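Consider the two complexes below, in which chain A is the common component and chain B and chain C are the respective partners.
Let's turn to the complex of A and B:
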């Protein structure tokens, strides 16, 4: 071992050797696919023909994706899910975290655990449970709802809200835990001082809690933006890809997958992934303008 | 290092050296998916007896995973098996590249075997370039499976089910009124079968031999109209095949018939609806239609290093009557090899179908089916047509504009350089 180390440049090389495994793994599984997908997005490639069949097409794949009606409609669906599932997550998680933090003492861990459970449940289990609950002829939801049975997962008008609900249900607990952890580090003396000054619970929430939570809101909303725009699991497992309604509930990430693995067009699929990246980057930047700038400036 | 360790190491190396001739016995890898993998496993004891020098390793993945993994393997050229099982619907896509061996060319010369197979199965394994890339193992002659008890209760005769499409839909209305059951799992079942009717020779489902898009032809108009009529009549359960609702529909006597490959009878018997044994019957598809549903094939990747052994294995699975019959017994799959169809097994009554000798009927259907050429964009065209159909039946979009949109969409994709 010693001789090997000496051959490689002595003690000076040791730190590099220690960090090398990470960089090697990152290069192989992180950096290379990233760069390769850029190359791929500039080529037309029928995967079943092997690597030799790649043809340079420049930016054509990007243009092709942008002019594709399904790409545009999938972007629309993705934004719709982002708003319908993402916005309520925060609007509910924030006050809920505040309530749990201020009011619940003994039952807190149990309550937080219950909300968090969907987040760690496997997608397959969620798909099974919800497709059973939402079944048109045999489902529990239709059983308790009055009126004609609704085709929850077979009609786009119902399927999109149903999917948005599952996403909301799944990620509410995650945001709750984020906000709760941020609330726990707010100095209790601030609230005591406010109480002495005669501030009520709403004023305390509005003027102490919210401003101090701003960095966490920034982080949580960023995570939701990224997660929403990459949404794949829930619509993919709830709506059968063979059914005619599938394209009507398809997100951009699903379209990308289909482009590659159903239609065999890996070049366009890569171009779509980079277009999606641009959208995510733009929205994250907007979110930074909105919530991020005052991050950490407690005294403002 | 301690001495005993050296001794052990030397001993192990020596043993490995002694065993190496055995360890080098040829092993071929067969990538497959359920249930087809069971047929291969069941055939292994006979294979070993016939080919003691060739080991067969079966790697099985779930249906979708298998075809995704094979796409990735062909793309990168690594992780390829020697024998690749393929479902019919993936042949068009896989054959578009040059990743599969042409089994019609030397050294395989598969054409010599052609006469032994059901006529329509051979073109199914042929690429648009005319290379024969996939050998048929089992086929799916199309049949109408129906619940005889429910039909009897509604006073519906078999002739009403197999007459015209209008008669079929009328029978569905009668059935719904009398029993509350749906005649169809989904209105798309009618659409898909009418799409497959009346094709000109050489014409594919969505593209003609010149690659022109056909989706606004009268065939599609008729298919959409009949599907919409079935939906409006309220005789379909809105249940896509293989979903929970579909399975529950059979188990709770809510779906009274299904048009599909004859192999569905095996699925019904084994897991879909074992409780309704004896109540199902098989008959011809309505309106005198002959069609086929699915089929399993075997291919050899062009990069396989053991092509001869792989070819031996494929011939053993597909062109050996005894193996084909064993697959039939194991899976209820329908043999593509004509010799296997002459077995006495075909004359046996089938208890699940109330003692019907249905395999004779299926053999007859198989001999009548016409092959439909495949196109590399069939999967895409299928998705587009399905989406437009959905707009027609649930959003009231008119059929000519739905088909015009479908055409524009498919042409947008086809027009790639």
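Let's turn to the complex of A and C:
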């Protein structure tokens, strides 16, 4: 009887015990910090003075951030990177995935693997090699490009496109793999039937592939929106924070970092993080209206 | 299916050009790792391997506690991976085989936590770690990351599809406790999923830059990416040494990729295909 009871108790309690570590960690290092940062964003606080030094300021931090020209320009840069690096990723990855899916057989793993490699490589290593390749004097990229050597990372006009290219280069393969995995589950017989009906390759792509890929396009674009709005590593490493062009290439995530760790203004930094979150949420929602719903109906 | 021959050539050419652009930076990292700074910045830059690799390593170890930094990266990576393998498979197991109250709500929390952008956590996460007195300690990196939501999701999918439930009932009949069932019946069957999860967890930890940047302070505690970046200075960067360090930072991943490419790609897109 005793063992039976223990076993019953064991079986009922076991699942809670098994999921408990995740929820404890999430509460301590995920949820609590998040809530605390909302509180923090409504306070002025000198971190070194301890918790008692928090001073309620209402929405002032938000107002302060919104009226800060640096915040607004950082948001502009972030959008610019998102478009300049994100859009070509998808415009290229989609047809590329289609081509690889339809035409490549033997070399496929090698090709997909090579395109995917940048995604799993250390962002620091990537930024460092591109710093050398992009350097003004004797950099390889200036060497092969025609015209006068450009100061890629030292001139604001060139630094943004250069950074966008590195980001594009890094995440193209990720999108390629996403689209490829969606293509692989499309029923081949659809194409066979279409061929019998006399549909050419373009028509097949337009009327079979594209509609069926819509949920994946939605997902991949969402990931790109979320990822590019938090862009930090590449511009942070490629452009030295002391250099004159740093403000001209700064993203919002970098601005937030600077606000907290260079200026010690954790309240405003938290407000910035929530403002950026609202932007991400709004854009994701827009993307959902554009691709998500129609895709969902299609899938039902 | 037969495309026009020249169309096919153009497509192959474009694909090849793309490959070249993708692979070239890796190639140059390894080539530059074997040259001195002066050679890297000469016209034309070196296109083939030199003999300076050991010299560069020497420089690296003079400027940085380099091997300690490598060890730090390995240590944090292994701890994060081990904890994730254990905790994610336990939680995934619970979500896959048990019926319990609040199960759906709890699982929704797991999935929902994946949607939270990581930068939101940067500042308050730092403050929590600071309050715990963990600044400049590796545990500030591996404990908050010890049970990833994506890992739980992956393990749940895998356990639900790969573990025959009759086996669990049979073990219960034999008087096994639930933990014992997990350890002796379920865990041995999870090999492939643990392998995939282990790979992607280790890689994410190995490459992590923002986490260490926020919580580590002294160069002895730096992980490899942070150490490499700290060597970069506006004027006097030893690029050859830095490239040697970058090559070492890339190497394990390149090797992992050569051997486990398919598994990695499958693991990283697992969330996507399901969603």
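One rule holds for everything that comes next: the second predicted complex is superposed on the first by the 281 of 300 C-alpha atoms of A that agree within 3 Å, B and C clash if a C-alpha of one lies under 4 Å from a C-alpha of the other, contacts with A are read in each partner's own complex, and residues count from 1 in each chain.
The definition used in the following text is that contacts are C-beta pairs under 8 Å (C-beta built on N, C-alpha and C of every residue); 3 or more make two chains touch, one makes a residue touch a chain.
This one's a predicted model, so the numbers in the text were calculated from it and none came from an experiment.
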Given the superposition on chain A, are chain B and chain C in a clash or a fit?
clash
Once the structures are superposed on A, label A:189 by its partner contacts, choosing first (chain B), second (chain C), both or neither.
neither
Taking the superposition on A as described, I'd like to know which of chain B and chain C A:138 touches: first, second, both or neither.
both
In the overlaid three-chain picture, which partner chain does A:69 touch, first (chain B) or second (chain C), both, or neither?
first
Look at A:49 in the shared chain and tell me whether it touches chain B only, chain C only, both, or neither; answer first, second, both or neither.
first
Return first, second, both or neither, reflecting whether A:247 touches chain B, chain C, both chains, or no partner chain.
first
Of the two partners chain B and chain C, more of chain A gets touched by chain C
If you stack the two complexes on chain A, which partner ends up touching A:130: first (chain B), second (chain C), both, or neither?
second
Looking at A:262 after the superposition, I want to know if it touches chain B, chain C, both of them or none. Which is it: first, second, both, neither?
first
Superposition clash, chain B against chain C - the stretch among 22-30, 40-48 or 58-66 that is involved:
58-66
Just which bits of chain A does chain B share with chain C as contact spots?
47, 128, 131-132, 135, 137-138, 240, 242-243, 261, 266
Inside the complex, what are the residues of chain C that reach chain A?
1, 3, 8, 11, 15, 18-19, 21-23, 25-26, 28-29, 32, 40-45, 87-88, 90-91, 93-95, 98, 100, 103, 106, 109-110, 113, 116-128, 143-144, 146-147, 149, 152, 172, 175, 177-179, 182, 203, 206-207, 209-210, 214, 224-226, 228-229, 232, 234, 239, 242-243, 246-247, 249-250, 253-254, 257, 261-262, 264-265, 268-269, 272-273, 275
Contacting residues of chain B [partner chain A, same complex]
68, 71-72, 74-77, 93-99, 188, 237-245, 248-249, 252, 254, 376-377, 379-380, 383, 386-387, 389-390, 393-394, 409, 412-413, 416-417
Where on chain A does chain B make contact in their complex?
44-51, 53, 57, 60, 64, 67-70, 128, 131-132, 135-138, 151, 154-156, 240, 242-248, 258, 261-266
Under the stated contact criterion, what part of chain A meets chain C in this complex?
3, 7, 10-12, 14-16, 18-19, 21-23, 25-26, 28-30, 32-34, 36-37, 40, 47, 96, 99, 102-103, 109, 111-126, 128-133, 135, 137-140, 143, 169, 172-174, 177-178, 181-182, 185, 195, 201, 216, 219-220, 226, 229-230, 232-233, 237, 240, 242-243, 253, 256-257, 260-261, 266, 269-270, 273-274, 276-277, 280
